[in-house]
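The following pair of complexes shares a single chain, chain A, combined with chain B in the former and chain C in the latter.
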Partner chain A sequence: MKYIHTDPRTKLFVLLICAVAITISPSLYYEGGLVFVILLYGILSGKPKYSIIMAIIYGGLLGLAIISNFYLSGALRIMFTTFSDFIGKMFPCVMMGGILVGTTQASEFMAALNHMHIPKNVVVPVTVMLRYIPMIQEDWGYIKDSMKLRDVAPSLKGLIKNPSQTVECIYVPLMMAASKMADEISAAAVTRGIENPKPRTCVKQIHFCVQDIIVAVVFVGYFLTAFL
Partner chain B sequence: MSNQKSSLTVKDLVTIGIFSALFLILSLIGGAVLGSNPVTTFWMPLGGALLPGPAFLLLIAKVPKHGPIIILGIICAIIYFATGMHWTMPVAYLVCGVLADLVSSAGKFKNVWLNIVAYMIFALSLVPTYFMFFFARESYMSYMLQKGTDQEYLDAMVKAGQDWVLPVMIIGTLAVAFLSGLFGKKLLKKQFEKAGITA
Partner chain C sequence: MISIKNVNFSYSGTGQGKIENINLDIPKGNCVLLCGRSGCGKTTITRLVNGLIPYFYEGNLSGTVTVDGMNIAETPMYKIAEKVGSVFQNPRSQFFNTDTDSEIAFGMENMAWPLKKMLGRIKETTKDINIENLCERNIAQLSGGEKQKVAFASVYAMTPDIFVLDEPSSSLDVDAIQELRNLLLLLKNNGKTILISEHRLYFLKGVIDKAVYIEGGKIQVEYTPEELFSLPDDERIEKGLRSLDLIHELPSVLGNKNEKSCFQVNRENIMWGKEELLKNISFTAAKGDIIGVIGHNGSGKTTFSRTICGLHKYHTGEYLWNNKKVDDKQRLKFCYMVMQNVSYQLFSDTVEKESCFGIKNPDKDLANQTLKELGLSPYLTRHPNTLSGGQKQRLAVAVSMICHKDLLVFDEPTSGLDFDSMCQVSDLVKKLAAQGKVLFIVTHDYEFLTLTCNRILHFDDAQLVEDYKLDSESVHKLWSFFDLEGVYK
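On to the complex of A and B.
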């Protein structure tokens, strides 16, 4: 099956629609429907596993909210319903954001932002940030291993027994790695001519096609049902 | 701000991007622990202010110019908007970013104490979301009642959000941010300046 490919700008537009839809959402069912539309879009654009897992988690939360609304009372019920409400409000956008990052390459994303005439002072940090977030997780794994080697426990127990040493052992390598990475990435970027004042070109041509219009129309259409 | 464009090099921009990633992760870890639990949700700004102080100070130490804090604010605003937060939060990040930049520039970005104050201002941007709950309570309540939430639920929510919570939240956030800044200052002095990675 061939996945549909949409322009990064369309994805950003859809994300915007989701954020606005959540703020004006009239009911829980409306949010559920929004998640369903995002699920369809995620499957079609080549992230079926991620989308289905996220949708199942959302379904679980929704079920939890409904069950606790019927069977629990008092403080417990409030705890569960506010919890699921809080997560439920964030969920559609987080899911859409995950699809956006997962299906868009850094260079494509940068080209799209340049097309939108966003200043370079914002485009470069945002692109670097999106690329670096997964690397923090990787770094954290290494730091944990080396902390174990040096007999500093990276756990709650170690934090209570030996607070300042443990915290320092997390922060210092994390920030050292970050600042070294900044040097390396900027050297690489300069080598590839990022300082060139002429507008950048991109191997991947980005432009709007039929599927962009369809996706945008579907999301806008769903958005408008909130006013019915 | 007029010289901002000419003075930020590519290296600065990359550094800002990387430290924004670090800043966001650290503040999300602190905020998510408290924010996802309804009883402690009002203390979320405190958790969010607890961890990222050192990253903030090191960012200013590495890029002592106009711009990094404003761009950090813009990035936070984009991310929080994209994750569907209430619209007051991104706006607060933009405003606090500019204010913090001004405070920090008063000390030519080299004065650690002013930088800590800038961090305290920046940390406050998590608070205004809760203004809506406290100041627009009536409309919020009637809206919730219309949606079918029952009275018992709302009573408990009001009980958790007493009026004294708001000032305590602001002062608490400032205090936690100050402690985080102090810790960052200690780290800067003890480790990063010796290693020569500050500008």
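On to the complex of A and C.
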């Protein structure tokens, strides 16, 4: 199956639409619908596994919100609904952001930002950040191994039994690896002329096509249903 | 082409890597090697030339650096980038794209070349560097050596006149080092000027035109290639330099007196996804064995060592420890791995806390004793990440001793180390062996193997090709693996 390929600018636009839709969202069900649309988009863009897992987590949160609304009362109810509300509000954008990062090449992204006339000193750090995200996964593999060797299991059980230690184990080496990596990537970037003021070209040409229009129309259409 | 005049530099905030009164002239088409101990300032000199100093690394700079008529301190970074191409040590952190073609084009895109010119140049580059097989590939799936070649290609495609390489071989295997050598020769044939900083020297024979030895931030001696490669051993060792000719390094460990096996692997098959990575592996090991694990990239060495430690679940063989069967979970209790990047293994904010981290009822006396033994006592209150690479490695080893681990795997413990540090690691490994531990060393470092190991396991083609005691007779097997009688003769 061939996945649809959308221009990074369209993805950024969709992300913006999602953010606005969430702020004006009339109901919990509207948000659920939005996540469903994002899920479809994620599957079609070639990130089915990620999108489905995220949708399931969201479904769980939604269920929690509904159940607590029905069966709980008092402080406990407020606690649960606030929690699921809060996460629920962030969720669609996080999910969309994940799809954006997962399906966009750094060079495409830079070309898109250049087309939008965003200044270089914004483009460079954003690109380096985008580049680092997939590396976290690799780092995580090493950290998981070393935690197992030290008998501090990186599991849910470990997190509940020994939260501070588990968090420390992940956070400290990850931050150390991240800062070193960011330094090295930036050095590699500047020595390859990333700051050249000439308008950057791109081997992978980016341009809008029918798919972009369809994706944009679908999201804008869904956004407008909030006013019905 | 490159002229460095009366340059002094010190990094702000740290005394490491500062340089004093550097004067160096490199004519067009020459290849100059910078060598010396870790922290002597050779990397700093490469940064003077590619503009990372003063642009990216801050500090006190005096003197002038001129490259092809440009005064580096006054030229914008992107202009330097068009003239000077840089390749760095870590293949992982030189990438921006997920596919190889975009990556090769990255520098050209920055220079705003038109599409047609870029596509033509990508073709030329992949042909020159002989990486047509890597086109349109996902970078994450490439080996370290292949990644390094793509990084090289990306720089090469920009057609700079000068190449600056900062320890490019540190994480490469034998074959990749040979290919690196070929690339350097290709550059020389094209009349490019090369500045290379390296610990490994043997592969540069016949490539360099001059070697500059740096000590304590100052240029001590300049050698012609003939002078460098005929340095007597005692003088070379006194200068902390790695071997100049590997074939002269002979095994120095005289076997293991203990013959009684305590660790046994039977009919092991290791899976990676649906693929059988290693088939039918059987061997035994005795206490005090120091076993070098060799094999080409992708031969499954790393997965093999993760399986030994109980970290990789997908395998079908049987393990015995003191004649008792041990499953993955049990092996995790007595096995330990010292990773290539030890930073992943250190979790606490002080060395002292680190030594007892995660241990229920830690034995404080043992911890202090061990830290003292490994020379870490002066740093008890330091943050582990402020230690040097070698100190971090020793701390990871100290942890394993405090946790009473009896089987240790070292993954590439000497990548990027100078001679002195390599000897320290070797001494440490031998000390652990003398305490009756079983040691596995996964490495591409011939010099370290002959200095440290008494046995070799050689994996290739999905199997254990050879298992032999390393001595002056069997060493020729190592020679043929490292191809020492071929290219470097």
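Keep in mind that, in the parts below, the second predicted complex is superposed on the first by the 172 of 228 C-alpha atoms of A that agree within 3 Å, B and C clash if a C-alpha of one lies under 4 Å from a C-alpha of the other, contacts with A are read in each partner's own complex, and residues count from 1 in each chain.
By our rule, contacts are C-beta pairs under 8 Å (C-beta built on N, C-alpha and C of every residue); 3 or more make two chains touch, one makes a residue touch a chain.
This is a predicted model, so every value here is computed, not measured.
Trainee: Contact-wise, after the overlay, does A:133 reach chain B, chain C, both or neither (first, second, both, neither)?
Mentor: The first partner, chain B, only.
Trainee: Just checking: does A:98 make contact with chain B only, chain C only, both, or neither of them? Give me first, second, both or neither.
Mentor: neither
Trainee: With both complexes overlaid on chain A, does A:32 touch chain B (first), chain C (second), both or neither?
Mentor: In the superposed model, A:32 contacts neither chain B nor chain C.
Trainee: Classify the contacts of A:15 with the two partner chains as first (chain B alone), second (chain C alone), both, or neither.
Mentor: Only chain B is touched by A:15; chain C is not.
Trainee: So, does A:46 touch the first partner chain B, the second partner chain C, both, or neither?
Mentor: neither
Trainee: Applying the document's definition of touch, where does A:189 land relative to chain B and chain C: first, second, both, or neither?
Mentor: A:189: touches chain B and chain C.
Trainee: Enumerate the residues of chain A that count as touching chain B in its complex and touching chain C in the other.
Mentor: 127, 168, 172, 176, 181, 185-186, 189-190, 194-195.
Trainee: Which chain A residues qualify as touching chain C in the complex?
Mentor: Touch residues, chain A against chain C: 105-107, 110-111, 127, 131, 134-135, 138-139, 142-143, 145-146, 148-152, 165, 168-169, 172-173, 176-177, 180-181, 184-205.
Trainee: In the complex, go through chain C and note every residue touching chain A.
Mentor: Touch residues, chain C against chain A: 50-52, 55-56, 76-78, 80-82, 84-86, 88, 90, 92-99, 101-102, 105-115, 118-119, 122, 140, 151, 154-155, 158, 306, 309-311, 332-333, 335-337, 339, 341, 343-349, 357-359, 385, 399, 403.
Trainee: Please give the residue numbers of chain A that touch chain B in the complex, ascending.
Mentor: Its residues touching chain B are 15, 18-19, 22-23, 26-27, 73, 75, 77-79, 81-83, 86-87, 89-90, 92-94, 97, 119-122, 124-129, 132-133, 136, 167-168, 171-172, 174-176, 178-179, 181-183, 185-186, 189-190, 194-195.
Trainee: Note which residues of chain B are touching chain A in the complex, please.
Mentor: 4-5, 8, 10-11, 13-22, 24-25, 35-39, 41, 54-55, 58, 62, 67, 71, 74-75, 78, 81-87, 147, 152-153, 156-157, 183, 187, 191-192, 195, 197
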